[in-house]
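One chain, chain A, links the two complexes that follow: it is found with chain B in the first and with chain C in the second.
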Partner chain A sequence: MKRRDFLKFIGVGAAGGAAGFIIGKVSKPPGAKLIPYVVPDENIIPGVANYYSSLCTLCSAGCGIHARVMEGRVKKIEGNPLHPVNKGRLCALGQAMPQVTYNPDRIKGPLKRRGAKGTGDYVDITWEEAITIISKNLSDIAKSGSADGLYLLTPPQRGNLGALIDSFLTAYGSSNHYQYELFGQRNLYFANHAAMGLANAPHYDIENAKYVLSFGADFTSTWMSPVHYSAAYGEMRQAGKGGRGALVQVEPRLSLTGANADEWVPAKPGTEAILALAIAHAVVEKGWAKGGDLDGWRHVLAGYKPSVAADLTDVSEERIYAIARAFTHTRPSLAIGGDGVSSYQDGVSGLMAVNILNHLAGNNGATGGVIPNPEPAIKRDSAVDFKRRISTLAADAAKGKVKALIIYNSNPVFTTPVAAKLASVIRDAPFVVSMSSFLDETAVYADLILPMHTGLEDWGDDAPEPGVGTRVMTIMQPAITPYYNSKGAGDVFLGVAKQMGGRLSGLKANSFAEYLKDAWRTAYSKDRQMSASALTFDEFWEGALKRGGWWPKATVEARRQVTVSARSVSAHLAQMPARFEGKDTDYPFYLMLYPHSAHRDGRGANLPWLQELPDPMTSVVWGTWVEVNPKTAARLGLKEGDMAAIESPSGKITAPVYLYPGIRPDTVAVPIGQGHTQYGRYAARRGANPIEMLPHSEDARTGAIALNSTRVKLSGAGPSNMVKMEGSTKELGREIIQTAPPDGRSES
Partner chain B sequence: MNSLSLIKQLIALVIVGGAAFLIGYGVNITYFYDRTPEQPIEFSHKIHAGDNKIPCKYCHLYVERSRVAGVPNVQRCMGCHKIIKTDSPLIQKLTSYWDKKEPIPWVKVHNLPDYVHFTHKRHIKAGLDCSLCHGDVASMSRITRVASLKMGWCLSCHEKREVKNGKDCWTCHK
Partner chain C sequence: MSVLNSIGEKLKSYRVPGYYTKFDHRWGMVIDLDRCNGCEACVTACYAENNLPVVGEKDCANSRAFSWLRVERYVEGEYPDVKVGFIPIMCHNCAKAPCETGCPVYATYHNQDGLNVQVYNRCVGTFTCATYCPYDVRRFNWRTYRPDKPLDEQLNPDVTVREMGVMEKCTFCIQRIRAGKDNAKDERRGVKDGEITPACAQSCPTGAITFGDLNDPQSMVSKLALSPRRYRLLEELNTDPSVIYLKRVAKDGSTGTGE
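The block that comes next holds the complex of A and B.
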């Protein structure tokens, strides 16, 4: 290098360094700030967390939670270790609770529609204006003599909010409280009530069972109370307490629970009920049945010979007898019917067959079997109203009976098939109020949107459903002051009642918090077990708030013997495999829909933590996929990651192909949860909603929407951008998975 | 000199200049920080803690109970200054924050990175005097940082006092 060049470099270097130094000096970010409180909150010590016991509101299981709060912000949610439902555990959906409260897409204040319905064009109004608009509309409707034209659509209500809503409606003069949830288990309630006379869901004692025969119940992932059942399943699998229990999973598409089972029985879709009845037939035939009236059962089960069922169900006769033998000879045993079987159009029949199995094996009322729950401490409208269903709502709307529709915490437009025409019902209703924290597919048609508190900001209570065999009442209390200008649902109803007065003047409480505490005071004074647990109500209430609710120390015991009579079930048995829309020549594949483990019925899709969470079976993130058996895919010329068009007689979606050996070659499966058109930046325009392409078929007895109700055809539709976290599901000749059969079990 | 080598030389000069720029910037940020930053109100610890001998814990409320000592809330300042020295322009500035119900945006003097888990509570419980780390605050009219707050500085003290697990990484980085 020449001397001149060297000096050049020195010069440039020095100039650059000096420039950097000076710019560093000038542009130095202002020092971090120490912002003090103007007036300190007595309950807050900066840097020290406060914990509040409360209730998880993200699904219907009713887990108890601890919210960790620092300086007025919720930092972390964990399970409440004392709570009998979840015993300190919590699922991913519950863990994501702070992302509901601090979601950037939350509605920040009451909104009134300005533009056309569905455009999302709203103007801000005050709460006083909002309450006045509702009161005026409801007054006008009542004056015109059509108070019954007020329709209220909510998820099933189990606590005192439900009691308040019902007193409101009764006082107003309407009987139209629709309690709807996609996975609301209407069929299960119907089957258990018809067969065993149970109004509440029973406690399925998986923990103490030694042989669990599950018909499509994905109980470790999404079914009913997955956190409770997962823990119970863990206990069952421990070799303590008399050995490790076995799990047999009957389902055409292997779920997370199926992947944990000892045996997978991929029965043909729609024939699970027949398989269950064939097992029952085998039990009676071989003389393994318990309980009386064997002639009655022989008569009822005559048409379900294992030899005949084997052809229908694709499960061999020997296997049916083997399951029947193991189910009756392993004590205690337990049969469960889950979403897999209850999601057919004749969903009740499969659950009825499961009840028969439990009866014949003597599992009803036994430890490790089906245990009826005690009456909840707080009265609630527990009986499911099977008459009020999506189709009757649409029919009433078509007749012009719906004068005002208030929708609370529910997104029926997303969770019902397009064929159910609910979008037009809501669009055309004269006055629609949406009580929701987010602008979702339903709220976008509302005239008035009232932003709701999230579960971390509101008061409430809950009796978990299904119960855990003992009495449990959970209290929800605010962990933080409301983050936005939202209100609780109870306060909205009380506010409207106060303003309308007249026939609603009986609802006097100043706030829902006061209403709730009064209800608990009444319960405390009436319930002997409650009043024995503390000297005064104040002491009782304080203790309940600290613990997260009230649950007396008790062991699960079978209080009531429940029996199933052959006569009561005979009207509800499957005569033939479930009906699927579409001819098998045009639409060669059965379509099975199942709830995504984190998004469930779609409610979790707006939480980025859950979008980022790999699905436990496929590891796919941020999108929908369709599970196709590798053999089927090869025949159709589809590769993993190819976009596929999935077409049913009622509609069409596209989704990337995921090659899934755990599904029958004649079946394809799509998770529910994505495909939102609204619901915030993380959910909207992502993936596809398979519910859209279903026919609108309901179980005639219960109104439950059938999710497994159509056949589809599949064709390639170009490339996709499916993202999955797994490398390969193959061991690629490394022999890293070695198996040895456990003692006493055949190698199969 | 042909055009190719000219371009090459230019690129080399840009790289050298750019690297030097980053180094200069880094040196400034790392070593030439402001140990005595200007504060929104010229608050004097000398008057409060020195001349008037107000104990530290009277204002830094949470030092025994929390990882942070706690910068006094505005109400606490006003507790005295509703009456004391109300004619001073500085106190009038304080009062204007109070009247607007706004917090005073104090500038941090001791700023630890997020990956350091430091707690005042433990150090106070161990019987350390505030001045050990914060210097003779009673003589400072504007707070200045006397400690380096570098890891070696922490460790030397932990070593000298034979702190239990005092050299364990997870004691501070967790």
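The block that comes next holds the complex of A and C.
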């Protein structure tokens, strides 16, 4: 090479390098910088993590979390070790919180509908415009004298956000706050209130129980407060004084909790309530019952002789007596009624029967039994309004009463049966606002979409439900600055109130953070235990933010005693097995629906970690399946992995067959969670949504949607591409899982 | 020269079986199968901590999923007498690890803490270690997987992101062990028991997983390891694993799912 060529070469190279450097600088997205701040906060040191105590918002249990933050980005969510609900532990769903915040399908700013409803055609607008649009619409509705036409649909809303929403609606003049969640436990609240006068869920003290009789409660996986109950389960098995606690699970399809039980009682679907009452009958008959009014109980339980119940429930008379004996003679014992029994059309009756069992065994108020929770100083669930339910919402909409519908943090189009017609309600409502982080099946019908902060970006607080026997109040604080142009729900309501003024001018706080702190200041000054815990409010607040909330070591008030009277429950007992739609000749199988362990009611389906997490019982990933007993499948000529058409009188889906020995031969089961049509790239067009097959049947008393309410037929529909992670389900003599007898003596 | 000699002696002593008893730590884990309910919170915790990629449906079907830690589930019997058992399985960090003898480039070796470690930069992807491993815990990068943006904002900066052609496996969260040891050193003290917790043990809802130093007789793992329910997986292979299981208690004393 000549010298001149060499210089040319170097020159071109340098120019190219400079150009590349400049292009790189200009085209780099802001997120690509090492620290996403021009001037970082003083507490941000590259490579050193900060931890923020906060609240997990992915389910309603209310676990405390620590968010690990480095360079302004959340890296990991872990349980808050001090928090009484989860004691430092956290489930798979909760740990996937960062994938909600950094989800590629999150809505990045407020959107206004341009195309037809349901097409997902939106234009970007600013927050000012969005707030103005809402204020104008709400003002017009109020001026026309139909303020009650504002409908708000949220999950059961706790803490000060719930309080703010309540005062907003009251000031505006609407009483239509619909609180809906598919697994919202409406039946449980009703049953516990009717039987024991409890407004809130009691604390089920699994940890100290020595005999847990669970009726379809998958409490270590999805029911109510799974992390708390899992921790209690571990302690019950191995840490308790007086030996290892036993677990007996009554359910037609073995759940994850059932798989860990010592005994599985596969009662016939729809007869669990009768089985529970037959056990109660046996308890009274044998004279094992505690408490008074035995004649009253004898009268109420007269129709549930174990000999008769044995035929109905498929559980032998001897077994009923054996369970009754163990339940009353092992101390302390505890009966729990879960989603399995509450998901029938007559769901209250099963839970009522469970309350009777606890009463007769003397478990109410006892350690290791059912413990009523003390009242926290901040707002809990607004008392569940059983009148305001999905069917009344649809009826009101049909009458044209719904003038504006605001939906926050809820996807009812996905979680209600097609027959409930919620999609058309939302499509036809004159003005629909969706407050959601994702374009889901419900948001796609909205006129206005307001992207919400995730739990890692927002302020909030919570009194966990169910409580844990002591007072617990959790604070949610932002761990990071908002990643997108989103807002918190509280700030939206306050913003609208500010702009509308007039009757809403009472809501004066400048931000929800301010509103929250003021509410806590009020609570601090009123509550003696709170004010005794710190010298000043500022000191109290700082400590609470560090710890993640406030929970005194022990509760001041004495444990409330509750009893169940024969008279209060008699009106709510099942006379016959639960009703299923479809004749057994045409539709030979009971259909059981249950929440997927990670996706729950479908909310987790857009998180890739959870899509790739094998289902604990079947190991299936990235899709839906139908669980069929191997013998049933053989009779129908179905093999594992075959696609099956599952048809009910109300609908039809297809799902791959998984051969599942833990299910009754007359029953098939499908998990809820997949089958989204919207909700981002990881969830949409994947698997099937079994809720589509359901008739719209509710418990008449509570409006809870019955998930176990139809029969189905099954037929082969060609091959499928079901992906499961398991190799063999058999150990093949390798002694992988070894067992020991109860006294802990090792086997040879 | 004496320094070099002492280093040489130290290195030599690493090759003697059982050498770990002479050193500071032997990290181990006790998993109580009577507590474990198979919920798989640990699996997601591992994904979050160790930057495990999500490979998608197709690669899952080809058994290329990355879970360093998996929960195996075994079923015995037919309806209605069905018994189910769960067991979390991760790298057992065997003291006599079969994988280490196979690697032609010394990408996997034993460190002075009793850990079986993997040097990603040395690995050339011969797959030998995965073939030798009786616990099937090694995972191979068949492609370079990168999360969809902006999911990469979550990536843990303490753990490297691996590329195509590299073998990887559970490290017992070596980054957390490092951090724990560094903190202890800064404070001029030894590592306290319970100070270091891998992501799986930290998350476990039932408290089934305990982590600690098996060399320290006062540590929780050492105490739990004395339980009469103790056993180790496939112990007959003489791999001397650092993961100790506690037997599941069967109410009727049966042999569980040993079908």
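Criterion: the second predicted complex is superposed on the first by the 682 of 748 C-alpha atoms of A that agree within 3 Å, B and C clash if a C-alpha of one lies under 4 Å from a C-alpha of the other, contacts with A are read in each partner's own complex, and residues count from 1 in each chain.
By definition in this document, a contact is a pair of C-beta atoms (placed from the backbone, for glycine too) under 8 Å apart; a residue touches a chain by one contact, two chains touch by 3 or more.
Everything quoted here is computed from the prediction, not taken from an experiment.
> Determine, under the contact definition given at the top, whether A:K136 touches first (chain B), second (chain C), both, or neither.
Touch partners of A:K136: none, neither chain B nor chain C.
> Chain A residues in contact: does chain B have more, or chain C?
Of chain B and chain C, C contacts more residues of chain A.
> Quick one: is A:K108 in contact with chain B, with chain C, with both, or with neither? Answer first, second, both or neither.
neither
> Examine A:I45 and indicate which partner it touches, taking first as chain B and second as chain C; both and neither are also allowed.
first
> Is A:K546 touching anything from chain B or chain C once the two structures are fitted on A? First, second, both or neither.
Neither partner.
> Residue by residue on chain A, keep only those touching chain B in one complex and chain C in the other, then list them.
31, 47
> How about chain A: which of its residues touch chain C in the complex?
29, 31, 47, 70-71, 73-79, 86, 88-92, 95-96, 98-99, 102-104, 220-221, 226-227, 230-231, 233-235, 237-238, 244, 246, 254, 256-257, 259-260, 262-264, 266, 483, 597-598, 608-614, 616-617, 619, 621-623, 629-631, 661-665, 681, 721, 723, 725-726, 729-742, 744-747
> Hey, which residues of chain C end up touching chain A in the complex?
That would be residues 32-35, 37-41, 43-45, 47-49, 54-57, 60-61, 63, 65, 67, 70-80, 82, 84-87, 147-157, 199, 202-208, 227-231, 233-234, 245, 247-251, 253-259 of chain C.
> So in the complex, the part of chain B that touches chain A is made up of which residues?
9, 12-13, 16-29, 32-34, 37, 61-62, 65-68, 70-76, 97-98, 101-109, 111, 119
> Touching chain B in the complex: which residues of chain A?
5, 8-9, 12-25, 28, 30-40, 45-48
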